[in-house]
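Shared between the two complexes below is subunit A, which has subunit B as its partner in the first and subunit C in the second.
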Partner chain A sequence: MKRFIRAAGVVAALALPMASASADVVKVGLLADFTGAFAVWGSQFQQAIKAYQEVHGTKIKGPDGKENEIQFVYRDLTSAGPEKAKQLAEELVLREKVKFLAGFDLSPQAMSVADIATQAKIPTIIMNAATASITRGSPYFVRVSMTIPQHGAAAGRWAAKNGVKTAYTIVSDYAPGYDAENFFTKEFEKGGGKVIGSERSPQQETNYAAYMEKVLRAKPDALFMFQPAGSPSLAFVKAYIERGLKAAGIKLIGTGEMQQIFLPQFNDDAIGVVTSFHYTETNKNPENIALRAQLKKMFGQDADADIASVAAWDGTDLIYQAVAALGPSADGLKYVDFFKGKKLNSPRGPIMIDPDERDVIQNIYIRQVEKRDGKLVNIDIGQEDMVKDPWKLENPAKK
Partner chain B sequence: MSAPTPKPTSPLGEMTGPGRFSLVGHALPWLVIAAFYFLVDDYLGLGTQVMIWVLFALSLDLALGYAGIVTLGHAAFYGLGAYAAGIFSIHVSQDPILGHFFAIGVTALFGLLSGALILHTTGVTFLMLTLVIVSIMFEIGNQARGLTGGDDGLQGIRLDPIFGVFDFDLWGHTAYIYTAVVLFIWFVIAWRLVHSPFGRSLDGIRQNARRMRAIGTPVWWRLLAIYTISAAMAGSAGALSAHATKFVGLSVLSLLTSGVVTVMLILGGTRRLYGAFIGAAIYYIVQEWTAQISPYFWEFVVGIMLIATVLFLDGGLMELGDRGARLLGGRRRAGGGE
Partner chain C sequence: MFSFALTILLDGLSYGMVLFLISVGLTITMGLMRVVNLAHGSFAMIGGYVAGYLTQHGMNFFLAVGAAVIVSGLLGAVVETTVYRPLYRKGELAQVLLTIGLVFVATAGVTEVFGAFPYNVKMPEYLTQPVDIGFRTYPAYRLFLIAVGAVVAAVLWYVIDGSILGARLRAAVDNARMARAVGMNVNVLFTGTFVVGCGLAGLGGAIGAGVMAMEPSYALKYLRLFLIVVIVGGEGSFKGSLVAALALGVIDTLGKYFFSQAASYLLYAAVFALLLWRPQGLLPAKSAA
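On to the complex of A and B.
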């Protein structure tokens, strides 16, 4: 009997939050990987959202002066396929009646919910998935993260302008790698440089010796890389040093490999590596300082901001602003229209939502790894203002 | 030699089993599937996914459970079926039934060819070769970006209504019924197969291939036949997935997909067909619920469940049903196995 009562208590406790949900709750369905190979994305999203809600509260006044509670409903995509994303998105929309969808660390996950967003008219904030074409998938898609071509193109332009005459590219052998290679090459050659060789390495490659020998023989001024975080990029930089490319004066240029959260894994070999990226973790923006302090306060000294955190922070900011301006029950397209052309002071710097493409327009920072106070950090050495996604400029939307 | 010849048992004898109890048992999963449609309307997406995995696990049961073909390469067929159905709808015709048959044809052919190449091996060698095939398929899917979309996934699948009437709606009604019907058809085929003389010979091959060969069974041909059928079935599951999701991601061809379906089958119990139902449903639903309570927790729960099953329940979760039946009726059902 006792056990039965306890069980009944558990059931009641689970049912309670649903019962207390009333009309002024705005639910946001957050879909991301919380387990499996990509689990770090989910927890980074969640921490940043919790930090935002801690700073700004969970209640926001609508235009009618009534308070609305913003409630996030988290669902784990389990690092499984996009069919899981679609199924969970359906449930969030039909059952939880969410007003917004958000999250999506991998591109296929975002693409698989395009139909749902369109049919159910749910504004969907993409907080990572970086394949350029995604926002064309649904008129309800809004992206606050980045696109791969933004980084690759800016790296190419910077190299051409900064004394690099010839370059070699080695990219990971999958779609994002091809995009990075393509746009680096295009912009670099437009600026007068020449790519004298390019290789594609398997996604989980850890032995780059043979690739480095080839580069060494070709004697380029710079080597452009696009490698997944973790063991591939660690092994890449190691091989670059060991095979004497750094000693031979070949400059290493990358994109996301040298994010602050990865730098402790590298040793001093990484000093001097130049990367082109949209977020320098050590920047002095007040929003950035606030975000990082809040994360450390709530989740301990090991917690730190990365691109997932800033995108989740900005995405949450967009939703708060939209509810404040339009109330809790506006039409989906009204929210999207509100987002178009919206400017935000992001922790990464100023950003804007492209009024035509609903994609993020942002500064791209050129950073170099240096050692300060015994720690490796990225120092900005250049910047391109308000870069639009180059892929979209190249492939205009069909009217 | 004077022993009386045993009474021939009809395959239907197995099906109706020992009386009323097993008749209820046979009706149960289908009643659940029907009831789910009417009662839990908001979760049809979940139901559809579970049934797709059931079909996939069922296909593995034919190869792994009945014929003893130890494979980790079934994702190759599942993924190929998904891509075949998806690509067919983009480039050829948006008719879902036509696309489904196309996918089944392609995977059956691929099962036949790849089976012919590797089925002369057994054990670890065979296992390695199935891993090789699924890895190659994954890499082809990754490289053939023009056809498959590579790592970005296959976009732009559009489907006509089934028979020109039933449109694929957002609420997933059509997808659910479509999947249920396909699953039922395959289940009947599988049931007839494993209870036919052909199915019996597979049982024999699993237990002692050498002896079966000695009594004149064409072992290689039998294995090839069941491997091909199993491939077609897995391909059909993949096609359902492509149609229900209207998107195909490269993960359908990943080794993890093979692993998950194997875990489901072992959890439910091999060599009893319904094990696939129990295993896939429990795995998926436990994952779903624990992940809702805490997104970080579900792997732990599923892991414990699998360990407990393997340690204490020889025949998977289906064994629980047997034990329950024994307690209730005191009657021992002839289980699969020994």
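On to the complex of A and C.
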């Protein structure tokens, strides 16, 4: 009898938290690299999501007034190929019964889950992968990050308008590099400039001596670069300075190479490099200031916001708003319809989800590296309002 | 035209000198000990990270490089006596498996301690600037690489060709059994050479970080270049590795300059051709196989 009572007590104790958790749980499967070469993306996504949930709570009231708990389920893609993303997405959909998928630092990962998203009707929020065509892969794809042509095109227009007559381009030898080269060249030449030479460097290159020598001899007004952020981009900028291109007055224009996380690796010679990008860390938006402060509060003084944090923050915001408006169990397409045309005050500035393409429309900022309080930072020197992905304008969807 | 040719030569030589510094240890240990040491690049990587850490924390660049050499060398001594020694009598498969395992350990260790980002070795201001060399301005850093490489090569040349130690080393490479039979302590020679080789790799990693950037995947990413230098130069041949490293540096630079679309293949095509021509390497060390 005693034994029975004790057992009953245990059962009751176990049942208690379950009973009180009457809220519906909405699971979001987050797929990203948490280990391996691209580990930094996963941890940046996760920190921003945790920061968002700390500020806004994990519970959100649906249209019926009932509380829903938003729960993120993280899966590590281990910087492996797209097969891994596909397999883990299946697991999340079938076993974890997630309502949304999110994350994806690399384009192949996002593309590999297109069929799963479509068949299982799972709205999928892409938080980084930047190949322009991705959102055409599934009607359930919604992107909150960026596309490479947005950056390249804005850089080309800015250069043409700001006294650059001739330019040389060096891009990394893979698809995003070609996108950047293509749209920079197109817009720059449309504005009256002339590209007098172009090169494609191997993806993992860190020895740029020969490339810089060629540029130095061609004497363009500006050098446009697109290099993977990391050791190639760092080596590129260093080689540019070391070989005297800066001293020769050749202006360096890029896109993501001078993100704040990389600036401590440069010395003052990096001052003056101009980049075209969708998030500037020094912008004064209240949302940006709040996000940065929250990250530092939760993860220490070294924690910083970058494009991954901003996109994860906005993606989480979209999911919260959708559950608040439609409840925890709406049809997948209903959620997607809700996202179409949605406007957000992102930490980067205003953004909108393109109602036709489900891709992000956002301001592109032209920034310059400057020194403030003894530290290198990016400062906005220009902006283009609400830029739609130029690739999609050139390649309209087939109806 | 002359200035242009000289520029390409300087670019190629400076890159080749880094390859030489890192690979020379490998070529001698592979020739001497017959150990397929795929982990050699890890010592260069550790040297680079040590120099990076110290320079980022305010230490003088040259002192930091010195510390990097010492740390890599000491680590080499520890690893040689504990991990490598039992391996000498094992087959090549065991050597490959164990040493590639060491690469993974080094990569994971570096990621854990220093993070996944590329890691900066802070050079003194004057090394990051161009300097006037008469007919043009040229990166001071690359001149520095050539100078260090040339000094190291000269010292090694003197030691290996002109000293009793070098004579012993050459004898042991030629025929280790005979060297033992005449009373030489080949084991001590092994350890000493290994340590010096690791120290030089650390030196190459630290000063070469501006050409081959420090990142956790370093030891694996550049492994093929180090092996190419060893094989093209001829196993165990110090002079061979110098010639091979410089030649590869120049070929790589020429390729990028004139055939940039095919630059990533050109180097391997050149290696292929060289090995067809001389399967034993350019300057094989052994008089008799």
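Note that in this section the second predicted complex is superposed on the first by the 376 of 399 C-alpha atoms of A that agree within 3 Å, B and C clash if a C-alpha of one lies under 4 Å from a C-alpha of the other, contacts with A are read in each partner's own complex, and residues count from 1 in each chain.
The working rule: a contact is a pair of C-beta atoms (placed from the backbone, for glycine too) under 8 Å apart; a residue touches a chain by one contact, two chains touch by 3 or more.
Treat the numbers as computed from the prediction; the structure is a model and nothing was measured.
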item	value
Fit or clash - subunit C, subunit B, common subunit A	fit
Partner chain in contact with A:Glu242 - subunit B first, subunit C second, else both or neither	second
Which of subunit B and subunit C A:Met111 touches, first, second, both or neither	first
Which of subunit B and subunit C A:Gly341 touches, first, second, both or neither	neither
Partner chain(s) touched by A:Pro355 [first = subunit B, second = subunit C, both, neither]	neither
First (subunit B), second (subunit C), both or neither touched by A:Gly272	neither
Which superposed partner A:Asn207 touches (first subunit B, second subunit C, both, neither)	second
Which superposed partner A:Gly192 touches (first subunit B, second subunit C, both, neither)	neither
Partner chain in contact with A:Gly57 - subunit B first, subunit C second, else both or neither	neither
Where subunit B and subunit C come nearest after superposition, their Cα distance in Å	7
Residues on subunit A lying within both footprints (that of subunit B and that of subunit C)	39, 173
Subunit B partner contacts - residues on subunit A that touch it in the complex	34-36, 39, 42-43, 74-76, 78, 80-84, 86-88, 90-91, 94-95, 107-109, 111-112, 115-116, 119-120, 131, 133, 137, 173-176, 178, 203
Subunit C-facing residues of subunit A, complex	37-40, 173, 199-202, 204, 206-207, 209-211, 213-214, 230-231, 234-235, 238-239, 241-244, 247, 261, 264-265, 267, 269
Residue ranges of subunit B touching subunit A (in the complex, touch as defined)	42-43, 45-46, 48-49, 142-143, 145, 149-153, 155, 170-172, 241, 244-252, 256-257, 260, 287, 291-292, 295-296, 298-299
Residue ranges of subunit C in contact with subunit A within the complex	7-8, 11, 14-15, 111, 116-118, 120, 122, 125, 128-130, 137-142, 210-217, 221, 252-254, 256-257, 260-261, 263-264
